[in-house]
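Listed after this line are the structures, all set down as structure tokens.
Here subunit A shows up in two complexes: once beside subunit B, once beside subunit C.
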Partner chain A sequence: MPVYAIEARMSMQRQAQYRGVAFISVLGFLIEPIVYLIVWRTVAEAAGPVGGYGVGEFTSYYIVWTLVRVFNLALAPGAWDWWVRSGRISNDLLHPVNPYHRNLAGMAGAKVVWIVVWVPVALFLVVLFQPQLAPTPFEIVAFFVSAWAGYVIRFNVLWVLGLVSFWTTRAQALVEVVVAMELLLSGRLVPMAVMPEWVQTVSSWLPFQWTFLFPIEVMIGQRTTSEIWQGMGIQAIWILITGTAIVLVWRGALRRFTAVGS
Partner chain B sequence: MHSLAITLVHWRLGAQYEVQYRLNFLLQLVESAVRLVTGLVAIQLVFGFTADLRGWGESELLAVLGVHILLGGILATFVLPNMFTFMHEVGEGELDFALVRPVDSQLFISTRQLRFWNLVDIVTGVLVLGWALSGLSDRLTAVQVLVFVFTMICGALVLYSVWMAFTTTAFWLIDVDEMAQLITGLYDAGRWPIRVYPVWLQGALTAVVPLGVAITVPAEALTGRLTLPSLAVLVVVTIVSVAASRAFWLHGVRNYSGASA
Partner chain C sequence: MGRKTPRTQVIGVPTLKAIWRGVLPSVVVREFTKTFKVPVRQEGFLNSLRSLVRREYRMVEAVRAVSFTLEAGEVVGFLGPNGAGKTTTLKMLSGLLYPSSGRAEVLGYRPSDRDPEFLTRVALIMGNRNSLQWDLPVADSLDVRRAMYRIPPADYQARRQRFTELLDVGDLLDKPVRNLSLGERMKVEILAALLPAPPVLFLDEPTLGLDLGMQKRIRSFVGSYAQEEGATILLTSHYMADVTALCERVIVIHRGALLFDGGLSELANRFGSEKTITVSVTGDLPDLDRYGAVTSAVGGRAVLAVPRQHVAATAARLLADLDVLDLSIEDPPIEDVIERTFASGDAEDDEEEAISPP
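Right, the complex of A and B next:
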């Protein structure tokens, strides 16, 4: 636990030095939801509410989306490719704390700075698009818990994908497919209610929607209290499943790994 | 003529180098397929609920997607590998080797590399455009085709200039990864016709970072929606961005002091 606090604080301070960079990053991933927001508002204006989502709901959805995106940003699997090929990973393996914990904590710390930078951008969006948001105190607390849980699930999924780099240095195609599945099945592109029934069924068996859709819908009041409790339970199960997968794959990966130079 | 010869030699070498890695072709196929499918799903979803998006029908949006993929393929094949090499060299202090060559520096750093397998995206884009055209009732006239090709050339020049100008900032900023993501994000906003967007965003994607106009206007030319004013805007934007990025590059090179000086 102290390791987490220290890693998080160090990474927070590092990020705080590069506020401009953090601001540009946040701006960079705001374009995506703004585009979705405009397109779906236009659809809802022309065709009326879609799957329970009218103009107001779409607006709140994509504005909360931006905050959830800051929360669930995790280490890109592409980083592993370089990490393993350049041999840099040897340094990290010698460190007494598993790189998983150091990275999970480090990114969490950096997020604190990004969230601060996010605030003015969010205010701009709120003024521009006027969402109707009236979360209860319980929903706000549940949002923060589920957004952090969503981060851990997404981090774990991408970590397992990254570990594939120990077997092949061409994991990129697999990553592309998983990222596309995430785009379509997580609520990142559209709320699941807009998708056909069978897509929703498929999505309910996968971890993706617990990293995007669930925290957003908690905040915008699309979930009842019992659904929120149930959802957080499912998030816990996904953390457990993905965590176990990491432990298993990690053992195999270490056995495969011979450092560059040895 | 000399410039053209240098460019062609670079491209031939780049292609020969890349063709050795045949597995990359498969990876590129997967990547292009994924991009195509997600683009199509987004369009299908929208048109599951409405018949038109601010006056744009399904085939017309398909044309925008086709132009987006096609121009993106040109960018990824001919422009981006060069831009990233340049950024890397500024950071590592290797740029001096490129600047001392007896050719125009901008030409040299813009043509050194070619990512051959990204041609798959260009082919995909053409196929999508063909599909979009088959859904449109009006037959294409020869004039329309000519105007389309002209707007595509303008669009490609605009994309190149935007990236060139952005890449040039590496002289001062060194670490520009986040900016690269911002530009990529803006390019993805061009997957929908910019006429759908509110005025402020249309303005930004036309005058500030003109990626939107570079994609929408060719699609308009192909689907018979092109108006004279929007063609004029694209021509002006093209001239200004090519000239401005050239001036910015020359300014950057003049003020660059080299890695060891």
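Right, the complex of A and C next:
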């Protein structure tokens, strides 16, 4: 635990030092949801609610989306590639603490700064788009719990994918495929209710919607209390599954490690 | 968390206590081999297209059946030309790389098991490599080390203060790492790596690219650390001053294979076929070619390279023939000896290639 605390603090310090970059990054995240928001508001205004989502719901969805995006940012796909190729991984593997813990804590610490930076951006969006949001205290607490859980699931998924770098120094291609799947099946592009039934079924068997859709729907009041508890249970199962996958792959991955570029 | 005894004991049955007493060796390496599978990529567009369908690989033996033992508290130079396999060996010994075959034991642990306790007790420091928090002050990186290695607060404070003074880095601790010069960075890298007081230290070119003053400072620090902590150190360096200042014993590898393991003076005897005679005479120097190869002649002082077996006779002749003010006999500079050692490795390889069937 001391390592988690200190890594999170160091990461916060680093991000605070580059707060301008953090602010620009958060602004960058906005382009994607704002495009989706404008498109779906236009559709909902012209054709009425889609999959139960009207103008107000779409607006709330994509504004909460921006916060969930900040929460579930994990080690960027390219960062793994760089980590291995630059040899920086060699430094991290020399220490007695598994780099997984240091990275998980580091990214979590960075989020604290990003969330602070996100607040004014969110206020601007609220004033501009007037979302209909009235979460209960339980939903707010459940949102933060599920958003952090979503972060851990997404972090683990990307970590497993990153471990592929140990088998090939060009893991980027595989990551791109998974990121595309995530875009479609997580609720990042559109709420899953808008998707065809079979896509929703496929999505329910994958971890992606528990990193994006679930926390958003908790916050905008689309889930009942029992659904929220059930969803958090499923998140816990995904954390367990992805965590186990890391433990299983890690040892084999290390054996494959050939210290490329170090 | 209490100290554990090693889980894996692959060679013999050493215990940490025994190692601490210096009874057993710290590092035992037997037939260590590392082979890399390297893709063969030929130039040209057509070859690139062909490689899409059929990839060709070749096996490169970076380390070939290397065996040696380091006794507890020994400081040993690990020498070899670029690409000889030194860094690969150090990486295997520090648990970064898995050996293809052979075995090793460091403080009773098998490095490839990567036991956290093992990783706490062994440090690999690579020159020109940054392992600290680039954007944050050095003190923050030291704090991370304290947490990662669970260094007790009192030990941490004492070591930090002692190493800071020895390395003269007090004024660097509040500076971001990115603002430090190469030499300053190396000093704080060493400081951070030694905070857990590892009993085994692998140093890979620690003085690479540093000015002479900085090299001297780092050498003296490593020397005093080895002495005070009784640490076992394996050091690679292309600067012979590092080796001669710190090591009595050297291990030489060439093209992945062990070429020599012994004392520095023994290395000079084995591979230095000549000795150096420096002679000073009154008045002008006569023609000295008949005594040996004149490598320099300035004023009344000349330096001659003489075959080892003729040194005594030549010195006697010089003393008899000339009005000698001073005469000294020395081994050739260690750099020359090392160069000859590597050259002998090349010659052996060439011979092997020449006699091996096509």
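Here, the second predicted complex is superposed on the first by the 257 of 262 C-alpha atoms of A that agree within 3 Å, B and C clash if a C-alpha of one lies under 4 Å from a C-alpha of the other, contacts with A are read in each partner's own complex, and residues count from 1 in each chain.
We take it that a residue touches a chain if its C-beta (ideal position, glycine included) is under 8 Å from a C-beta of that chain, and two chains touch if they have at least 3 such contacts.
Quick caveat, the model's predicted, so the values are computed rather than measured.
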{"item": "Which superposed partner A:176 touches (first subunit B, second subunit C, both, neither)", "value": "first"}
{"item": "Which superposed partner A:119 touches (first subunit B, second subunit C, both, neither)", "value": "neither"}
{"item": "Residue contacts on subunit A - larger count, subunit B or subunit C", "value": "B"}
{"item": "Which superposed partner A:240 touches (first subunit B, second subunit C, both, neither)", "value": "neither"}
{"item": "Touching partner for A:141 - first (subunit B), second (subunit C), both, neither", "value": "neither"}
{"item": "First, second, both or neither for A:76, with subunit B first and subunit C second", "value": "neither"}
{"item": "Complex contacts: residues of subunit A adjacent to subunit C", "value": "2-3, 5-7, 10, 13-14, 17-18, 87, 90-91, 93-97, 102, 254-255, 257-259"}
{"item": "Residue ranges of subunit B in contact with subunit A within the complex", "value": "23, 26-27, 30-31, 34, 37-38, 41-42, 45-46, 49-50, 52-54, 175, 178-179, 181-182, 184-186, 188-189, 191-192, 196-198, 201"}
{"item": "Complex interface listing, subunit A residues touching subunit B", "value": "21, 24-25, 27-32, 34-35, 38-40, 42-43, 46-47, 50, 170, 172-173, 176-177, 179-180, 183-184, 189-190, 194-195"}
{"item": "In the complex with subunit A, residue positions of subunit C that touch it", "value": "36, 91, 94-98, 114, 116-117, 119-120, 123-124, 126, 129-131, 133, 135-136, 140, 143-144, 147-150"}
